[in-house]
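The following blocks contain the structures, represented as structure tokens.
Look at the two complexes coming up: subunit A is in both, with subunit B in one and subunit C in the other.
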Partner chain A sequence: MKKIEVITRPFKVDDIKDALTDVGVKGMTVTEVKGFGRQRGHTEVYRGAEYQVDFLPKVKIEVVVEDAITADCLRAIQDAARTGEVGDGKIFVSSVEEVIRIRTGETGDSAI
Partner chain B sequence: MSAASLPQSAVRYGEARNLLADGLMAGRLGAAYASDASDATDAYFTRRLEECADLATGAPFALAAVGGYGRRELCPGSDLDVLVIYADDLPLSAAGLAKCLFHPLWDMGLEVGHGVRSVDECLSLAAGNFQVFASFLDLRFLAGDRTVFATLSRRLDEALFPSLSGDFLAWLAEANKARGARFGEAGAMLEPNLKEGLGGLRDYHQALWLMRLAEARGNAAGRGDSLFAEEWEELRDHASFLLTVRGVLHVVSRRKNDKLHFEYQEKAAEVLGYSAMDGALAVEVFLAALLRRMAEVKALREALWPVLFAALGAGEAGAPSPDSASTAGQDNSSESGDGELAACGLARASEGLSFLPGLSDDEAGARIPELFRASARLGVPLDYETRRRVRREVRRLAGFAAGDPLGFGKAAFEAATAIMMRDASDAALDVMLETGVLAALVPEFARVSDLVRFDVYHVHPVGRHTVEAIRRLRRAAAGEGPFAWVFPRLRKPERLYWGAFFHDIGKGLGGGHAEKGARIAEEVMRRLGFADEDVADVVFLVRNHLFLAERATSRDLTDKNALARWAARMGGVDRLDMLVLLTWADSLATGPSAWSSWKESLVSELHARLRTLIASGRLFDEHDASRMLWARDKVRGLCADAFPLEELEARLENMPPRYLVNVAPEDIAAHLSMLRELDAAIAEDKRMVPGGRGGRGVAVLDCKPAPCGGFTLTLAAMYARRLFVTAAGVLALHDVNIVSGEAYVFGDDAVIQRFRVDDPPDILFADEVWARVRRAIKYAQTGKLSLDYRLAEKRNGTLARRAGPGSGRGPDIAVDNAASELFTLIQVEAADRIGLLYDIAHVLCDLDLEVHLVKAATSGDRIRDVFYVRGAEGAKIEDRVRLTELRRALAHRLSA
Partner chain C sequence: MNAADTAFVLISAGLVMFMMPGLALFYGGMVRGKNVLGTLMHSMILLGLVSVLWAVVGYSLSFGEDIGGVIGGLNYFGLAGVGQEPLEGMTIPHLAFMIFQCMFAVITPALITGAFAERIKFSGFLIFSALWIICVYSPMCHWVWGGGWMAKMGALDFAGGAVVHMSSGAAALAATFCLGKRKGYGKEPFIPHNLPLTILGAGMLWFGWFGFNAGSALAANGLAASAFAATHMAAAAAALGWIIVEWMHRGKPTTLGMASGAVAGLVAITPAAGFVGVMPAILIGLIAGGLCYGGVLLKHKFGYDDSLDVVGIHGLGGTWGALATGLFASTAVNPAGADGLFYGNPGQFMIQLVSVVATWAFCFIVSYALYKIVDAIVGIRVSPEDETKGLDVSQHSEVGYQI
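And then the complex of A and B:
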């Protein structure tokens, strides 16, 4: 199992949700976050020296998926979130040791 | 939840579903699965409701299915959309009932869409959301109180459906535009979406919805007893086929999935019972059938829409069509006489062109060519009834053409030629293809028309591809594309169109389709009584239609002897010009990966060189020796200020002749500055690194955007055996695709390597990529970076490319000592993978071969790399033992 974290533009959430649903993802967690990368927010030059970095509003989408569909999910997210401009965001993938559905006690892939 | 804790109803339902899925995989196919699965689901709800009887007391309610389940069209991965409908306000027990009904389904891992609503809520929701509105058009009773269900359907029929059908139609038209943009035309896709693609199941659903709405208005059009019963039957047949394929796809891919990805296509063909036929793979036979049906579904939906619209009272004027080409030019009012049309037995009305009433079937069959000619000339499509009649009479047309090939047959073919060359509607040829008219005129075309190649390269079946190529030629005639300028110079452009019509007619006969096609084209044209000159030109075009693209992407275009041989093969400027137009049109019609700005620049270069050679009999403006003198003088002029005379002369002296002939003086000047920079960098490195070990791995890298897209990378370094291998590996590691490369070694052991590469992935921050490349080259040359290991790791990464159909074949390796006087050509064709060029270069380096030029061409998921090499002693490799070793080593490395 893999955990996929996507940080991207807020208005892309619906597209990503649809794309992931098409691939077979059944649930996800979405958080509003702030941050900056290469986009660096709006820089302002004051007297040639001072500048300010704004944290830009982004969303973080977290999903945990079976290994078998990880590559499909990553492609789907990329296709849905790409505008080609700076600020499209990043995807982080990490391994997940265990998943447990609290209500039933199911574990592993069937608990996702 | 374990199976033991599921209620009895759910356990039985699970067993039924497993049984059905096994049956599907064992070949018990057909739309029966969909309805059987629905029946099993219905049975679950009936039983479950009995098990939950204590929660179902009190307020009256009904269970109803909507969406696909409502239509009884369940595939293994389909979700179940179910409503619990209460007559009035929801009682407190409603939540408990819903839990009792739906939780076991969730625990079985099914996707359930559910709603618990009163009749009023249902109506207001449907009024505000057309997706809900559409789902109610598929409403079906499951269990519970029939009177509640009857109330809801009566109110839908009486109040909601009639009042909102107009808005719903407009919404559908919009939705279809969005579908087209997102999923594309399914009948023309390599990986079609069976449901949402244009031509997918959704088209059938929409026809169903419109009929349901017409029924609600009390209009008989809905009940299939109307004039389009035949088409309706056809549509239903296609839909049931698509549903079966979708069911198999769900089982094969083990999830809900509508897109027929490559990886599932072979398996699906196997389950569906297709087998190889006439040299085509089973999967190709399957795809041909599927794509043809999807194209027909789209055509049928477009044909049925105006009729259904009319049945709904919306009128045809409002009929939206997702395909603007079919309606283009309709308002082109009748300046060209209707009397003229009548003389040909044709008539025109607002619906389109038709035959004059009262024509016998024979007369209609004979007038089909004229009909299409008029349609193309006026830009008016055929009306729906006439299209149907053409389909019916096409056999008579074939009979006439076969019976009198020199008279009727030739005249009909010439009518088709006129349409190829000028078509105001831009769609007449498509309709001729769909209705079988082209195949009737040239029976040989019928064999290839539906042929599909199972690869990621050819988007269309041959028939569609041919029509597409002809369309491109028309655009070139109108000034589109890089070779449009030669079009007005063609002596007889119709020969080019004929060449395009026949170019793939030899496909599916087991390889060598150009040669086989040339023979078939000759036979057909002789039968139709064409002049010898016409036949010879068309045969030439068909035989050579791959020649320019193939040579341009794999051969050294500065090799004079090779160019002279190719020019002789062309025979004349006119043929060359036709061939370059055909190459361009054929490539663009093949698919998005068959033409690129790089390929365009190579083909243009080859075309220009051959043209000059044929026209003037000379290869270059100057003789080689004087070209070298001229280049030296030019460089002296360019560098006079920057270099002391002595240094400049010394460097010029060191340049190999091939370099002076092939590289532009401006580039040479730039390279000289790089070499100087290199000297300084090496001196600096030696100063910093003690013990005489300094200067290793130092390289200067220059990266410039190329005029036709992509980048030119130039690497200056001191000679090191592995330098070319290192560069190839580092570029692969950074996702930079090499399309060509050349290496020059100077007299003082300095090396200039020039690569033409595609854009790096991060084009916005290309400089950062090149900086990383520069560092990586140094690390790899000084033992800090293992390219073998890094590339292997990259290949195993999560996102490594999915295996396409081309990956099943091993590498094809060919060695050619005849193509060039100075070099041995090694051509490797293999499945695309990360670092393929690196792997090949690695083997060549191991065997002490020097690479002077490399050209890479991609066709789908196969790559063809051609290397021009020489042994370290500077000669071609002609020793058999050595060549065998080379082949074996390459095969070994590439199959690893």
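And then the complex of A and C:
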């Protein structure tokens, strides 16, 4: 099992959700986050004074998937999220030791 | 007594009162979220404090029997003799005049609060405001409207360029010297937390200002209509003037700029509203918009922390308005006024200039002394820890937003 974390542009979240659903993902967690990478921030101007705002609004999508569909998921996310401009974001993949469905006590792939 | 005049002035008093929540929102939106309640409170509590003070002693010091052209006597102490009968030469009940003037007294110290926003101690703020009404506002009001020396000199100030805007601007400048900069000034950005509040507040100010300026005619007549039209046109032109200048300077027109420009225009037309025609009013507003945009940049150049630009907008806008009155005033608009420089009377401009210098000097010096006195009694500034926590929690034990 793998945990996939995607940090990307807020307006892409629906496209990514649809793409992941299409390859068989059944649930995900989405958080509004702020941060910066190579895109850096932007400037804001108030009464003629410029301020550098470092942290841009982004979304973080977290999803845990079976090993078998991990590659499909990663491809789907990239296709859905890519604009080609700086600021498209990143995907982090890590191994997950165990998953437990609280309601039934199921573990492993069947709990995802 | 005239029923129409009375109704008009009472409604105008209500309109000016409505500027208080307007100003509260205008300022409240510009501070950081942790200071929103403290900033709203600064404006709103003055409706409480100054109103009571005005009824007890402020009105008498402003409009009581003249003592040497400097201050009013105590003959109206506790509103003694201020009743339903009109004052001599007026067509409205004395009480209507008193309550209309009360709203002016309330809003003036509230304007100052933009300068020391986000760092003043609430107790110190209350004591300062009370002392300021007695030591600065009441004399100024008496000098200009209560038959004091500026009135005798012939200085024109229709609705408070000197009494309200320059006085608060000068006190604001003194505040920046006495309180110092906000913690983190120049290192962290101080970004407005809710500009929609600010825009709404600016709209309420614009609306209330009709009572402020047109109401200052103290009668429902042609002069009131003239002042109303001049007020609106100056605000309109100044909103344009500001965004034109900032568009050229920074590349984008901003909503905060539009709102700030409108207020700058309203400030600038205040002393002139009942003395100038509509076309000069547009010109006064247009220039005020550009001028005050430059004015707010001065603080970065000189390094004083006037948090919400009271000096740049009220100080500078009021000064420009007072001088512009000396340029554009016309007896064709108001026979009780005077002609300005452009109508063949350069002397009026000099009179206005004297009133500007005297107002700045008096208000700055006395305000400076008052801050120092209050600082010695209870302290004027919150502790660094309280400042970091924000005024809402540290001064009032509340927070504005439960998120």
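Throughout what follows, the second predicted complex is superposed on the first by the 101 of 112 C-alpha atoms of A that agree within 3 Å, B and C clash if a C-alpha of one lies under 4 Å from a C-alpha of the other, contacts with A are read in each partner's own complex, and residues count from 1 in each chain.
As a convention for this text, a contact is a pair of C-beta atoms (placed from the backbone, for glycine too) under 8 Å apart; a residue touches a chain by one contact, two chains touch by 3 or more.
Every value quoted in this text rests on a predicted model; they were computed, and no experiment measured them.
Enquirer: Is A:Lys26 contacted by the first partner subunit B, the second partner subunit C, both or neither?
Expert: In the superposition, A:Lys26 touches subunit B alone.
Enquirer: In the overlay, work out which of subunit B or subunit C sits against more residues of subunit A.
Expert: Ranking subunit B and subunit C by residues of subunit A touched puts B first.
Enquirer: Given the touch rule stated above, what does A:Met1 touch, subunit B (first), subunit C (second), both, or neither?
Expert: A:Met1 sits against neither subunit B nor subunit C.
Enquirer: Just subunit B (first), just subunit C (second), both, or neither: which does A:Leu74 touch?
Expert: After superposing on A, A:Leu74 lies in contact with subunit B but is clear of subunit C.
Enquirer: Which parts of subunit A are touched by subunit B and by subunit C alike?
Expert: Common to the two interfaces on subunit A: nothing.
Enquirer: Report the residues of subunit B in contact with subunit A in the complex, numbered from low to high.
Expert: Touch residues, subunit B against subunit A: 1, 107, 109, 111, 255-259, 764-765, 798-800, 802.
Enquirer: Within the complex, which stretch of subunit A touches subunit C?
Expert: Result: residues 44-53 of subunit A touch subunit C.
Enquirer: If we count contacts the way the header does, which residues on subunit A are in touch with subunit B in the complex?
Expert: For subunit A paired with subunit B, touching residues are 2, 22, 24, 26, 38, 69-71, 74-75, 85-86, 93, 104, 106, 110.
Enquirer: Can you name the residues of subunit C that touch subunit A in the complex?
Expert: 189, 191-192, 246, 249-250, 252, 254, 256-257, 260, 293, 296-297, 300, 309
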